[in-house]
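Shared between the two complexes below is chain A, which pairs with chain B and chain C, respectively.
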Partner chain A sequence: MLLLVLPGFLYFVVFHYVPLTGYVIAFKDYQPYLGYADSPWAGIANFQAAFAEPAFWSALVNTLEIAGIQLVFFFPVPIGLALLLNSVLSSKLRRFVQSVVYLPHFIGWVVIVSIFQQILGGAGVLPNLMDDAGMPSYDMMTDPGAFPWLLALQLIWKDAGWGTIIFLAALLTIDKQQYEAAAIDGAGSWRRLWHVTLPGIVPVVILLLILNLGQILTVGFEQIVLQRDAVGPDSGEVLDTYVYYHGIKGGDWGVSAAVGLVKAVIGTALVLGANKVAHFFGQDGIYRGADR
Partner chain B sequence: MALTAETGGATRTPAPDPAPAPRSRPPKRNLRPPWMEAPTRSGTALKALALILVVAAVGYPFLGVIGTSFASQEDIVRSNGLVLVPDHPSLEAYRTIFTGGVVLRGLLVSVAVTTLGTVCSLLATIGMAFGLSRPGVTGSRFLLMTALFTMLFNPGIIPNFLLVNGLGLYDTYASLVLPTMVSAFNLVVLRSFFMGLPQELFDSARVDGAGDFRILVRIVLPLSKAVLAVISLFYAVTYWNAFFNAMLYLDDADKWPLPMVLRTFVLQGRGMESVASGESPAPLQAAQMAVLVVAVIPILLVYPFLQRYFTKGVLTGAVKG
Partner chain C sequence: MPSPPTINRRHLIRIGAGTLLGAVAAPLLTACGSGATAGKAGAKSAKLLPAHTPLNSAVEPDFKGTAAGVPQGFYTYPDKPVRSVRRKPLKGASAVTFGTTTFLPPAPSRGRNAAWRAIERRLGGRVDITAVPTDDHATKFNTQVASDNLPDLFTYPETGGVKNIQGFLRAKCADLTPHLSGEAIKDYPNLAAIPRTAWQKMIYDGKLYGIPIARSGTGGLGYYRHDLFEEAGVSSLDEITDMDRLFELFKELTRPAKKQYAVVAGMTNTLAQLHGAPYFWQANPETGKFTFDLETDAYKAAVEMARKLYKAGCFYPGTLGMTGAQKSQYTNLFKSGKGAYVYDGLPDYLTPTGYRHSMERTDKSFDVRPFTPVGKDAVVWADAVVLSRNFVKKAPEKRVKEILRLADWAAAPFGTEEYTLINYGVEGTDHRRDSKGNPVLTKQGIQDIAVPFKFLASGVPAVYDPESKEAVRHLHGAYADMIPKMLKDPTLSLTSPTWDADGLGSLLTLRQDGLKDIISGRKPMAYYGELVKEILSKGAEKARGEFEDAYAQGKKGNKK
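This part shows the complex of A and B:
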């Protein structure tokens, strides 16, 4: 039995725990040709250097801005879409729409960015249409100011449909008799939505919101790295791409490892904290569900 | 609850004849519970409009990409860059991208990595999930926690890079598979499914003299086809779309999988010189869209077969995770 477990276990140890020791270079003046052990110690100089660099702060601000916009504008979309789907009575039609909206979740970022380029980019559909209409053509893909919005738009296209799964499941757990009782008491469809449906999914919404807050320092690396150069690092750099470009591309190993470590530690603390809070609310949700 | 009757005091709006609402099918009688108001025309129309918009927002780009890949230069110019139905369909774009050799090689790399990677991932995940799903395995709690904790932190780019380098995997195909071989999420999904199988099955098989391995192969796996299908899809899609590992660990452009090729061709516009300079008869945009189609087709092909299992797979993980 243990033999079956072994390959998977080894994987987790080697690729998730062993790398943690690599963070030692955050405290060293790492020279690739000297290796981990022989590079001289640098104390906290790497951290000081990172915090003194405006590029780091700009990456942090961009990360928070992008995550914030996604939280406010992406997060509610799957809820709305789930409510819409839930209100479709014909199960055939509903299943068709579901299959369509789940699909983009399985498409890679490279493809999605390419498609957006084709539609919104310089030679794409939208600028051409605007041109025809006599408007000054506008290329959203290279507008630094629009970058966080572009990312949110792409995220909505890719994952809003997929995100409905969990809300649809929550909607299914609402007791149909509640709707019937509410209707008999004279509640119209909006009041039923407000007083029956929404309270029914609030626990799930809170849970996901908290878990999302825990992820606030992690915005999609692939999505951003593909488009960072189009808008420039001032608005396109986030913490993860900072580490990539300064460390692996730029050879500034120690400093970017320090940034990575700071991000990892705060990120883990946020996830743990979020889980704690979610546990608190989650308990509540399960309790209320069982109570009905 | 009788579903047939149209009566019921709760029908507040005097039911307008639900027959011909434009652009949407009138809901069938028996679908609507008796207490629910008959839908108003404007309500139905709005809902239909919303659904059509949603479906179009997802569908239009797909159809546009496919259409454009078959289009001629005039078609593309006339329809502003994305052609739904080309007037002069041709396969020129596909001929162009496959004669270059780069796309074909990327495709082969992607197919091989996806196949082998999915097999490795499945074997490791099944073994671990099965081993940890039965009571009485020594240290199983510790082993499980070791895996679950990895959901809470991410070692980050630099340490991962140093590790892959240190293991001598830099610029090898193995670097596309090993660093992301087992997903803790999939492990949890599969383990909770295995745990739901009745213990009696295992007991009786053991009485008949079957060992752990035989139980797994003969009893557990045949019962888990649906969940295995979903997990295979998740793994396969991850490998197929993977671009991060390739960007990080592959130096040699000959080893690039399709997403990396796609990036240089379509996003950076490099490597398409023969097309751009007009040597080849295919328009540049058609060739680029043809590469996109090649990258998306495998997903479109397997998607319909696996789609019905999604909810199950995702929710098992959500409850336990």
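This part shows the complex of A and C:
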């Protein structure tokens, strides 16, 4: 049996654990042609260089703002959608709706951004309609203030359907007898939702919430890099694009790795912290230490 | 505008993995050379440059070329292509690996590709080509460097290369000086016909390292719709006598109700040239002082005008903020008739999918032409001296010679047998001759010739279009108009390690971000001064110092 685990284990070792050692370049003046054993050590100079940049802090603030909005407005959407889907009784209709809402997940960001451009952009459908109606036209795509909301909107359009998969699976595991028992006790559909369905999926919701916290500083590279210039770096730069424009593009691997490491450390701290909080509220979280 | 390569987390992890492999091999590599020392500033000695020998072209062009870089123009293709290189350049050589970029979909593999097989038969050896899309080039290249898997000959990415190029070349690449410098290049006559300005870009660290893919010097000033300009009352660009007139014209050309806008995407570079700003750096020959383009009044005026145009709604909404990854999106807006002006390089005018023919197919009335300098202050930048640079991996002398012979073969000029094979493949399979004797690619041919042999090495490409004499006249006329107005780039003969490392990297990002903020009105014009100061303090000032030192050093060298 253990042998069956081996491919997965190897995958994690080769593609996840071994590359972790690459973080050593965060402490080096890394030059690819010297290889990383021979690049000179730089101590914490890469971190100092990043922290001294106002652009880094502005990227961090933008990242947190976008992540916050995504967490509050995107995260619950798949749960709601899954509940709605779950209540559709005709399995034919449900499968059809599921296919339709999964589909956008497979569309690339370039295409999605240009669809939004066609609809919300300055020469798009909506501003034209507003023009025709005699209203002042509004171009959401180039409004820096609307940027995080635009991102959340696009994310919901693209991934809300895809996100329902896990919740639908969780909903299926709830024992049908509980519904019957609740119904016999006279619980209406809202009561059943509140007392049977939601408690049934809470562990999964919490698990995903915690895992999402770990990814919180990764708010989406392609989506943002495609639209960053429309609103300017002051509101469009996030940590990932900062690393790309200020590090990778100029061959500054050391600084790039340093910022990446900062991100990873914050992500890990958030996961562990949130896990502790989950335990405090009596939930399992992502894992539990051995029983004491 | 160079398109930024898209890099996501997966790529990074891949690079990370490559790094590890590199680490394993590292002890072996370091024996070859030490490269950690920073690059040096300095003047490039003219003695390093190859002696320029123009080729006696076998065919008489319809328009003559000039030594300054105006290409030759042709209406028809020569009947009987002559052979340029007599011997088989790769006879007896082992397979040469070549890493480069491509703008085309992948070509059929060797077994199903008549052109590829014919070329290798003619070469007398194998060429294994790995071509990646331009957007992935930097990623691929850096992985190859980190894992020490560089091909024998490779195209260096124009953005996203290594930070210390001098150190990299010293450690990894073959010094071509003994093979190409001065009279030595006579062994490679097609390479000797490449203009000296292109070779100047190949000098690093006091040595000649690269093989250029030469271009005419200028990428042009973009394209305009002659029919729309005419509708707005301008039947010749000469009538645009100053920038106020241009502004009025662009306002006139903006008709949102018709979904027509004057400008698609940005035109800051074009406006800067029309206002007379230098290409990055300007040298004062008397004082030896260097001025950064952003410091000039001309550049500032250009930005002010772009801002005014944006405010007047002349830019197609949303296109100013588009990146290189969205280039096809905004050029398609122009190609489908939504704009009167767009910036794109001149080589895209005459190709089968280029502006001229694709727009003609869309609508017969679309009359697209290269935009040329207007107004009394206009200059032209030397921004396209080369398309790219190829470097040769360190190898024994014999191997380097084989690779140079291959490059020389590929650099054969328009109308030769070699050129025909590379661009049109095999007659009968890949192309047929039309009634006037012009080669026309077959369906098979369009796919077969996508193997980028033409990126092995190239002189200045000729202007040729079998379908339209008028198009040849427009394009050749644009070059003939612009190249004499081209500013000499003082930095071509100088080296500044700071500029090499950051000039087209982080400093360019700062500039583009800042200028877009100003032009779109997100920041006031007053921010301009602050932006210039920031760019200077983050490296441009240091680069200025290095250029000035190198310039002084070069002057001394010339006096001796």
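Going forward, the second predicted complex is superposed on the first by the 211 of 292 C-alpha atoms of A that agree within 3 Å, B and C clash if a C-alpha of one lies under 4 Å from a C-alpha of the other, contacts with A are read in each partner's own complex, and residues count from 1 in each chain.
The working rule: contacts are C-beta pairs under 8 Å (C-beta built on N, C-alpha and C of every residue); 3 or more make two chains touch, one makes a residue touch a chain.
Remember, it's a predicted structure, so these values are computed and weren't measured experimentally.
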Handout entry: Partner chain(s) touched by A:Asn46 [first = chain B, second = chain C, both, neither]
Key = neither
Problem - chain B versus chain C as contact partner of A:Val18, first or second or both or neither - result: both
Practice task
Using the superposition on chain A described above, determine whether A:Gln70 touches chain B (first), chain C (second), both, or neither.
Solution key: neither
Practice task
Based on the superposed arrangement, let me know which partner A:Thr197 touches: chain B (first), chain C (second), both, or neither?
Solution key: neither
Exercise for the section: Could you say whether A:Tyr244 touches chain B, chain C, both of them, or neither, answering first, second, both or neither? Expected result: both
Practice task
For A:Pro144, decide between first (touching chain B), second (touching chain C), both and neither.
Solution key: second
Practice task
In the overlay, work out which of chain B or chain C sits against more residues of chain A.
Solution key: B
Problem - First (chain B), second (chain C), both or neither touched by A:Val225 - result: both
Practice task
Classify the contacts of A:Leu261 with the two partner chains as first (chain B alone), second (chain C alone), both, or neither.
Solution key: first
Practice task
Scan A:Thr164 for contacts with chain B and chain C and give back first, second, both or neither.
Solution key: neither
Handout entry: Contact residues of chain A, present in both the chain B and the chain C interface
Key = 14-15, 18-19, 21-22, 25, 36, 110, 113-114, 117, 123-124, 218, 221-222, 225-226, 240, 244, 248, 260
Exercise for the section: Name, in rising order, each residue of chain B that touches chain A in their complex. Expected result: 1, 9-10, 12, 25, 27-28, 31-33, 35-37, 47, 50-51, 54-55, 57-59, 61-62, 64-65, 68, 80-82, 123-132, 134, 137-140, 143, 146-147, 150, 152-163, 178-179, 181-182, 184, 187, 212-213, 216, 233, 237, 240-244, 247-248, 259, 262-263, 266-267, 285, 288-289, 292, 295-296, 299-300, 303-304, 307, 310-311, 314-315, 318
Completion exercise
Touching chain B in the complex, chain A uses residues 1-2, 4-9, 11-23, 25, 36, 81, 84, 87-90, 93, 97, 99-104, 106-111, 113-115, 117-119, 123-125, 128-129, 132, 157, 161, 165-166, 168-169, 176, 179-180, 183-184, 186, 188-189, 218, 221-222, 225-226, 240, 243-244, 247-248, 253, 256-257, 260-261, 263-264, 267-268, 271-272, 275
Problem - Partner chain C, residues of chain A touching it in the complex - result: 14-15, 18-19, 21-22, 25, 31-40, 110, 113-114, 117, 121-124, 127, 139, 141-142, 144, 218, 221-222, 225-234, 240, 244-246, 248-252, 260
Handout entry: Partner chain A, residues of chain C touching it in the complex
Key = 4, 6-9, 12-13, 16-17, 19-20, 22-23, 25-27, 29-30, 35-36, 138, 142, 145-146, 148, 159-164, 167-168, 171-172, 256, 259, 261, 316-318, 320-323, 325-326, 329, 338, 501-502, 505-506, 509, 512-513, 516-517, 520, 522-523
